[in-house]
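Data block below; observations after.
A, B and C are the chain letters, set down in written order, and residue numbers restart from 1 in every chain.
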Amino acid sequence: MTDYVTYTTGEPVADTKAPEGPIHERWDKRRFEAKLVNPANRRKHTVIVVGTGLAGGSAGATLAEQGYKVIQFCYQDSPRRAHSIAAQGGINAAKNYRNDGDSVHRLFYDTVKGGDFRARESNVHRLAQISVEIIDQCVAQGVPFAREYGGLLDTRSFGGVQVSRTFYARGQTGQQLLLGAYQALSRQIAAGNVELHPRTEMLDLIVIDGRARGIVARDLVTGKIDTYVADAVVLASGGYGNVFYLSTNAMNSNATAIWRAHRRGAYFANPCFTQIHPTCIPRTGDHQSKLTLMSESLRNDGRIWVPKAKGDTRPPNEIPEDERDYYLERIYPSFGNLVPRDIASRAAKNVCDEGRGVGPGGQGVYLDFADAIKRMGRKAVEAKYGNLFDMYQRITDEDPYQVPMRIYPAVHYTMGGLWVDYDLQTTVPGLFAIGEANFSDHGANRLGASALMQGLADGYFVLPATINDYLARHPHRDEITDDHPEVQEVLAETEDRLNLLLSVDGDRTPDSFHRELGELMWEFCGMARTDAGLRKALERIPQIREEFWRRIKVPGTGEEFNQSLEKANRIVDYLELAELMCLDALHRTESCGGHFREESQTPDGEAARKDDAFAYAAAWEFTGTGAPPVLHKEDLVFEYVHPTQRSYA
Amino acid sequence: MARTVWDSTVGKKAVMAVSGVIMLLYLVAHVIGNLKIFFGAGEFNHYGHWLRTVGEPFMHYEWTLWLIRVVLVVAVVAHAVSAYQLSRRDIKARPSKYVHRKPRASYATRTMRWGGIILGLFIVWHVLDLTTGTVHSGGFQEGHPYQNVVDTFSTWYGNVIYIVAMLALGLHIRHGFWSAAQTLGVGSRARDRALKTVANVLALLLTAGFVAVPVGVMTGVVS
Amino acid sequence: MKLTLRVWRQKNADADGAMSTYEVDGISPDMSFLEMLDVLNEQLILAGEDPVAFDHDCREGICGACSLVINGDAHGPERTTTCQLHMRSFRDGDTIDIEPWRASAFPVIKDLVVDRSAFDRIIQAGGYITAPTGSAPEAHATPVPKPDADYAFEHAECIGCGACVAACPNGAAMLFTSAKVNHLGVLPQGAPERETRVLDMVARMDEEGFGGCTLTGECATACPKGIPLTSITHMNREWLRATRKAAKR
């Protein structure tokens, strides 16, 4: 019943903004070439920022500091609650404080390699360059990073690298960085430079004469749907991991802002690149509403193992050393437990598929701290990981100081997102995407502690520099007001959509659809994907969508605080986005990073890339719900890091 | 600065703390003086007279005493007014109660508020009884405090009022002393035990010292 | 597990509220408290009733959105956030009372959802270090003694959930305010604004209609992040110091 397995290929898309020349000079060159807006004129420009996480919060604060008028939105009751707050482990920066051989170039190299050669070199190099400034900025804001006794900053190691470049604040680095950005934003709100709309959710994008000119948003308290116009729109609304229902994302994190922008013309790149994080607490039953991450930093000292024998049900402490398989250390001796996330996740899946998984349903592996406790003492382990151990114990009722933790992979991050050029501008002029909402820097797999780095690089340093160029070139002397016919049209469409949801009055709850879609996606578009499975998913999704519009039940009205309506409306978008994810996964018949096609693997079961056919970013253009989209390829050119089979052995 | 202090909840608490400490210092002197009653009428009455001549010849007769009285009145008024205003504010800040009540939640606050009211009423009675003699039970004799005290504690209600008030005083000091330290910012994790111990010891000694007098009268040790 | 829930229901800010009683069955001890409420809401939707509104987001104890008073305790019987409270803390057949945060500075929006924007305004009044993007010196230019960094972190852990206000018999926001004052005040980077910060934040706190502190310690007992009561003591000291300094100028 669907043609969605077919698609057409359109003109290639190319980044026209990154300058030519040596890679380490490009960012300077771009900043110099970009036009500027006279400081006196900045007050006349309004910029909408959607989201207040690391990217949105830092962008809103910085744009306001520069003198722009910022209108900012978050669905939470306070900007401080954006989901960046949950990032635990740390933030990478090429400071080389350890003198362990780190450099901007090494961070650049590690990131391109870690992303399995599917990221744009210019962007990644800029990210590595900016990383050092981020640490300076955050320290100046009062972010309480961990310090050594001498008063200098401490660092630790993360997966996929052999240097110690991750700065951290115990297991709450994201929280501390976000509060830094939130406080900077608060200062601008108090100064009247940022107009903040909390508990307000973006529902659509307003495009006039081919340019992004505003958004439609709903006040979640009163239910009132309003339009907001501006000279540019910045989406910092995060990733779309919640398509899977169960993920480490916050319950209300959603894809509506980016999906609606996609429907209005912004290309969506690499939607199938999702990151499955290897160390999450396994699910306990059908009631599960979300999964909880255990920081990757635990792999610094914890050792991952399963019993050598299948179906070994002895308690872990009774399994003797020689009957344990420390499989990561065995297969990847030089990186050991610190291999990149995609590799660790897949290895866990493999041992569980072999029947050697532990815990209920055999869906888990051990992360064991017995050796670390013996080596460093319980006190030192407590100081480093105390809050994570407490959290684990609270959720599982097991004491990780006594018995090894049980962990299993879970959906965590989405590398895909809106396609952007070097300026972080989407294919809709005036529409920018930053942070996890864009696709740019992590390729097919993100390294640990790089999300915080990218979010803050985009928000504090990249966007505020590049958006000048757009605003200077498009002064928008033509004032658009809320009663402009095209503004009113988008408003009416949004209202119709919500009214339709409320009018179905069927017999299934929003969550029941979300759960069904999530299970389907996890099975067929999760850790391992096959042609047959993806085709099956592509057949099922339109059926679920059809059933959704027939049987959804949303109680209450649109003119009130209505959490069911919020949920249902987000699911509408998941039901379309899921289809594009599966199609993207189906069309990319290679394996790379987090995208593992069973048909494309090396004899040892590692991801086998096909650089001849797939060294491109797939940017999809929307043509209608359920209609075949158009694929635009951006060829990836590797001048500095030459693609090789990734080796962590 | 005075404006800032008085307008702020933190500042008003500091006013309470400082006035509380002043009253506490006074009470320490007061209880030491009271205990002289156990050494006979001569010594006690002499002490009463000395209170009026302290500071002579620099101060005139009773000047020092009046100075102390003025300071005390200011302290009591400042303490009571700030307590009243803060309590009003606190009740307004939390107008509706939880359906599921937890009595312990407001134990200390309630003891302080009710204890404070009891102490306020007591002070009025105490002054009218033993300073002015207005409501004194026997014939009040100016300059004969020993006899006056014995008269007061020869009535059952005199004893009840006094002992109840002194118990309230103990509880009030117990939380109040520690609380004042926190309000004035001198508390710390390291000092917390010490502060709580001092508060308990002060509360106990003052209560015991004051209650000793009526007990002495009742048991006939003082007569 | 089978449970009886008595839940505060209030249609909107202006409506009167009351407790309503519901039964839920088939609750697993491994469920989180909010997952138990999810079960209730699924039941209510299918029965054509309005589901119970409550704030929640990360469900891992860090965003600070969840905010329920359970059997009279902010965040329930364990020292954690509501989302990290599990049903194993309750027994089969229990009756559980669920209410919103109560404080006049936190008006109810609907059912168990309250408006905590007063906290944001306290931060806006001075809970930051002025460091515009791009102006930062090299991070290692100013070493911070480890004890100071640890002290700052301990106070920076506050998640702004408001349990301190909910637990306080006076509806005071002293613990929240002091946590930020102490976090920023102890760091060398925060020193230039040390006085104005504490004065402005306390003034804002008062303007928002929070109560005063009577040092009952309920806030620190309820705090899921373990912000200590001494935090308030230290803020008092900071405030008095700042007031003296301001008077001298």
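Basically, a contact is a pair of C-beta atoms (placed from the backbone, for glycine too) under 8 Å apart; a residue touches a chain by one contact, two chains touch by 3 or more.
Chain labels with UniProt names: C = Succinate dehydrogenase/fumarate reductase iron-sulfur subunit.
In this text, all values refer to a predicted model and were calculated from it rather than measured experimentally.
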{"item": "Which of B-C and A-C has more C-beta pairs touching across its chains", "value": "A-C"}
{"item": "Greatest separation from subunit C - chain, by CA centre", "value": "B"}
{"item": "Mean-CA-position distance for subunit B and subunit A (Å)", "value": "64"}
{"item": "Gap in Å, rounded to a whole number, between the CA centres of subunit C and subunit B", "value": "37"}
{"item": "Distance from the mean Cα position of subunit C to that of subunit A, given in whole angstrom", "value": "27"}
{"item": "For subunit B, residues that touch 2 or more chains besides their own", "value": "none"}
{"item": "Sites on subunit A touched by subunit C in the complex", "value": "58, 61-62, 65, 76-81, 83, 85-86, 95, 97, 133, 135-142, 144-153, 169-170, 172, 175-176, 179, 182-184, 186-187, 189-190, 198, 221, 248, 250-252, 284-285, 287-290, 292-293, 391, 394-395, 397, 460-461, 464, 507, 509, 511-512, 553, 555-556, 560-561, 563-564"}
{"item": "Interface residues, subunit B side, partner subunit C - complex", "value": "1, 4-5, 7-14, 86, 89-102, 105-109, 112, 175, 178-179, 181-189, 192"}
{"item": "In the complex, subunit C residues that touch subunit A", "value": "11-12, 28, 30-32, 34-35, 38-39, 42, 44-46, 48-51, 53, 55-65, 78, 80, 84, 86, 88, 109-110, 113, 115-117, 119-120, 123-125, 127-140, 142-146, 149, 152-153, 156-157, 159-160, 183-184, 187, 189-190"}
{"item": "List of subunit C residues in touch with subunit B within their complex", "value": "6, 8, 19, 69, 71-73, 97, 99, 102-105, 167-172, 199, 202-203, 205-206, 209-218, 228-230, 232-241, 243-244, 246-247"}
